[in-house]
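Shared between the two complexes below is subunit A, which has subunit B as its partner in the first and subunit C in the second.
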Partner chain A sequence: MAEFNVDLRPVGSVSVIDVKGYLDAHTAPELENVFNKLLDEKRFKVVVNFDELKYISSAGLGVFMAYVETMRENKGDIKFSNMKENVYNIFDLLGFPILYEFFKDEREALQKFDTLG
Partner chain B sequence: MNSANYIFEKDLSVKSTTDNLALIREFTRSSAAECGFSEETVGKIILAVDEACTNIIKHAYKYSPDGNITINIKFDQKKFNISITDEGIHFDPSRVPEPDLVEYYKQKRAGGLGVFLIKKLMDEVKYSTLSGNKNQVVLVKYLS
Partner chain C sequence: MRKKVKNITNSHRLENAVLLSVLLFLFNLLFPQHDSIILFICAEIILFFTLFFLYNYVHTYISSKVDSPLGIVLNAGILGALIFFITATLNAILSSKSETVAPGFFNSLFSILLNFVFIGSVIYIFSTFRELSFLRQKKDPSVYFNTLLVYFGLSFFSDAFIKIFTDASFVKTAVYVMTIILISLNSVRVSWIAFLPKKQKYYLLLTSVILSVLFGMNYAMITNTNVIRQIIYLFSPGFHTFFNLVMLYGTIYFAVIFFTALFHLPTAEAFDRRTDEVSSMMDLTKLVAQVFDFKELAETITTITARVCSADSAWLITKNGNEIELSSVNNIGFVDADNITNKIFGSGANNFDSIEIIDYRSLVQSEINNRPNFAWIAVAPLKVQGIINGYLLAARYRENIFDLDDKRAVQAFADYAAVALENAKLIGESIEKERLEKELDVARDVQRKILPSVIPVSDRLQISALFVPAFEVGGDYYDFFELDGDRLGFVIADVSGKGIGSAFIMAEVKGIFESLSKIISNPRELLINVNDNLKKSLDKKNFVTAIYGVINKETGVLNFARAGHTPVHIFSNGKTERYQPAGIGLGLDYRTGFESSIKELEIQLKNNDIVICYSDGIPEAKNNLEEDFGYDRLDSIVAANFEKGLDQISNEIMKSLTVFSKNHSQHDDITLVVFKWNKK
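This part shows the complex of A and B:
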């Protein structure tokens, strides 16, 4: 019933993950698969573009918690962009802005990786 | 005219599978909207119910798809009351510590955020054990 789509786009050395629709306990494994693929390919720089994400529950938030440290240990990161206010509020409620960088648009997030080299 | 006596009541019974979460959310959304909550508050109630049902599927039924989840929604004057009942393993949320995100990060932990979210999103949350080995969580939101 609820739809979720996840697409992976390489932009130079960064991998952009586009998440669309409803991210909950039912659909979170699809996102985990994408992160596992990135680890297999040793691609550790990730921007998640939330432009078309309508809903997130803690099962979705947990995926980012599970992978971010591994990305950082390998000189990468998970950065967030294009988040709608209702989705950002959930991240904020759980204190995510302490640990993650949020950008208004994807380009800013990509540039942050560029300036870090 | 007789709004003081108005009582809204609806039930939904589903099996304990994550693909039912979308149905649970739609049931919650339409009920909360019908009772007059703002879009923002409807969103909070939906998420709290999703988290409670996800915990039941994960912890009470350990992902077994044959368990029963019953959701009863009642609205009387300003009190929106959601009772969620299961027959799975008793789950004691008081044993779930408040998440420390920095600790979670160090431990690469992914779970445990749901109970905390429910508390933040709702006005009242009460977990209890009913006769017949049933567990119940009652979530309340007041229409302001």
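This part shows the complex of A and C:
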């Protein structure tokens, strides 16, 4: 079974989610739990740090799609950072860069939230 | 012959016994006095066989009742008392009347009947001893007992022997002594006493001392010279010897029983408990195999634990991660049990790897009022394969701490509970697994029916299509649509996710493409419309990637648009070009995002150009180094085989893919659609 790990750390008003390992149909529910928790706590600004993610499947992508609307409706967003090339290619193929913001570094993503207030 | 005799003695026990008794009765009625030596010997032989067959019948009858040894002991005791009563009364009555017994019909009839009562009683008592000495023996005691039987026979006939050879009285003494020795040997077989419950041991102790004395007195009465002795002796000297030997046997045997029961008393309680434990465990084993509802089992386990481990209360908790749940309680309130559990386990982080005894008072300290005032609590983990799934707790008010045996018992019951819990879990899992497998079957079926069974053929455009489903069933879909004139529409799509959900979306996608392809021939517009249609049926987290294209078979013009799908590869003039026009996946955005993103491409194919479309199952296939198969490997295979037939090219691709990912299970569906255009 592929390993997957998800950590949540708040940076000011933004929540950073660190995803590690393999995000697929079997591990996606773990990430969903984190997002549900954020919704409960009314924290709508999210940066997902992909630094240690090795693989993402369509079910993994689906998690972001499921929550992004709610985040945006509440003046938040889901932004992506530190993505490896192979992972980015999957997002790119699907056209995610048209709908989501991608950043090389987590700091840039956080700054983007800051400038918007 | 021997077999036949054995057969008759064994199969007609009752008939033989009755027959001989009647014979004996008639014989004695006809010849009340055995004056001549012939008559005497006949009488002795008939009596011997009567005794033998009676014994032969009665002991099998008793052996069916040995499950309650106390019952048969009591029966023997009652008969012993009967003998005592008859002997004592008759002695008192008859000795005062006359010194000698006068011959006469009524007298002899009375004597015969009296002797028959004695015969019956003595045989019953003797048979009882036989069955008792066979009871609970590990080794077969029949050798000892059969020897004893033989000596009883010899003693029986020793009187007749003396009557014939008057100076050989030492023979009788020798045989008599030998028989007594054998009786003593047989009397020590009393291991059945150990298995009696404590209460019955006390009962037996009392009974045996009375019976021993009673049989002793019987023995004394019939060996002393008196009327009864005379009646019996006249009836048969052999029976008289047999009678007093049985009485002696009784005296010895009950004396042994008395002492044995006495010595077993101190261990009686421990023995009782062990027996209870064993039988409870046997019941539990049965339950574990039969009952799959864990709650029901937990109920039984707590009840048994409290009883067997002499605890005042018991309860069982199950543990899932750090969450503790009370499964069942015995003799304690739910709230109390819950409180104490929380006290012991704290936040759920406390663990007991093996059984532990907790000093309850030091645990609760001051806040003792209003809750059960236990002294000790035993906590045993429910452990299977090193993982603790819960705890069994037993609590005592009394000051005596749980000893080693108690601890073992609590742990044993905890182990049972652990197995039962695991069982229940496994069964739940296997039901779930079965359900999933059924679901997968349905999904596979849907997928098989959705894919085209016939691939369109034309001399200008060759097509090869290949589909390999993954075990979990992905959502790959491809199809061809004959459009007006020389045009052929084709779609290749991949629904996100797996299983039955994806299969149904796929079916819907097929319907949408099929109907729209008849109305809209422009690929970009068609995909925009598909996206709008999917809005109603797609979950937020689901999406579909697709390529829709139209090939003009006459002109070789290929128009296509891509919605988040893998690129189209075209091999032309010895090299491969990848085409990835902009376009986001279907279902990612239902506003203007989709429409504004998607672009359409038009390509003029040249003669023998090969167009390759596929699903992401191909580039994302992994080898054991976790490397992707990727686009380049695909292209190089096409380049190396472009001159071969189209089906062969497909096969080469699949072959390389299989070799590449041989140590990996196929994760996703694989779809490969290849076109080759001929200019004519």
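Heads up, the rule we're going with is that the second predicted complex is superposed on the first by the 117 of 117 C-alpha atoms of A that agree within 3 Å, B and C clash if a C-alpha of one lies under 4 Å from a C-alpha of the other, contacts with A are read in each partner's own complex, and residues count from 1 in each chain.
The working rule: a contact is a pair of C-beta atoms (placed from the backbone, for glycine too) under 8 Å apart; a residue touches a chain by one contact, two chains touch by 3 or more.
Just so we're clear, the structure is a prediction, and the values are computed from it rather than from any experiment.
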item: When subunit B and subunit C are modelled together on subunit A, clash or fit; value: clash
item: Which superposed partner A:Gly21 touches (first subunit B, second subunit C, both, neither); value: neither
item: Larger contact residue set on subunit A - subunit B or subunit C; value: B
item: First, second, both or neither for A:Asn86, with subunit B first and subunit C second; value: both
item: Subunit B versus subunit C as contact partner of A:Ile98, first or second or both or neither; value: both
item: Touching partner for A:Gly62 - first (subunit B), second (subunit C), both, neither; value: both
item: Partner chain in contact with A:Lys54 - subunit B first, subunit C second, else both or neither; value: second
item: Subunit C region in steric overlap with subunit B, selected from 115-123, 493-501, 547-555 or 601-609; value: 493-501
item: Residues on subunit A lying within both footprints (that of subunit B and that of subunit C); value: 25, 58-59, 61-63, 65-66, 69, 86, 93-96, 98-99
item: Partner subunit B, residues of subunit A touching it in the complex; value: 1-2, 22, 24-26, 55, 57-59, 61-63, 65-66, 68-70, 86, 90, 93-96, 98-99
item: Subunit C-facing residues of subunit A, complex; value: 25, 54, 58-59, 61-63, 65-66, 69, 86, 93-96, 98-99
item: Subunit A partner contacts - residues on subunit C that touch it in the complex; value: 494, 496-498, 539-543, 545, 563-566, 580, 582-585, 587-589, 593, 597, 626, 628
item: Complex contact set, residues of subunit B against subunit A; value: 18-19, 21-23, 25-26, 40, 43, 46-47, 50-51, 54, 57-58, 99, 101-102, 104-106, 108-111, 113-114, 116-117, 120-121
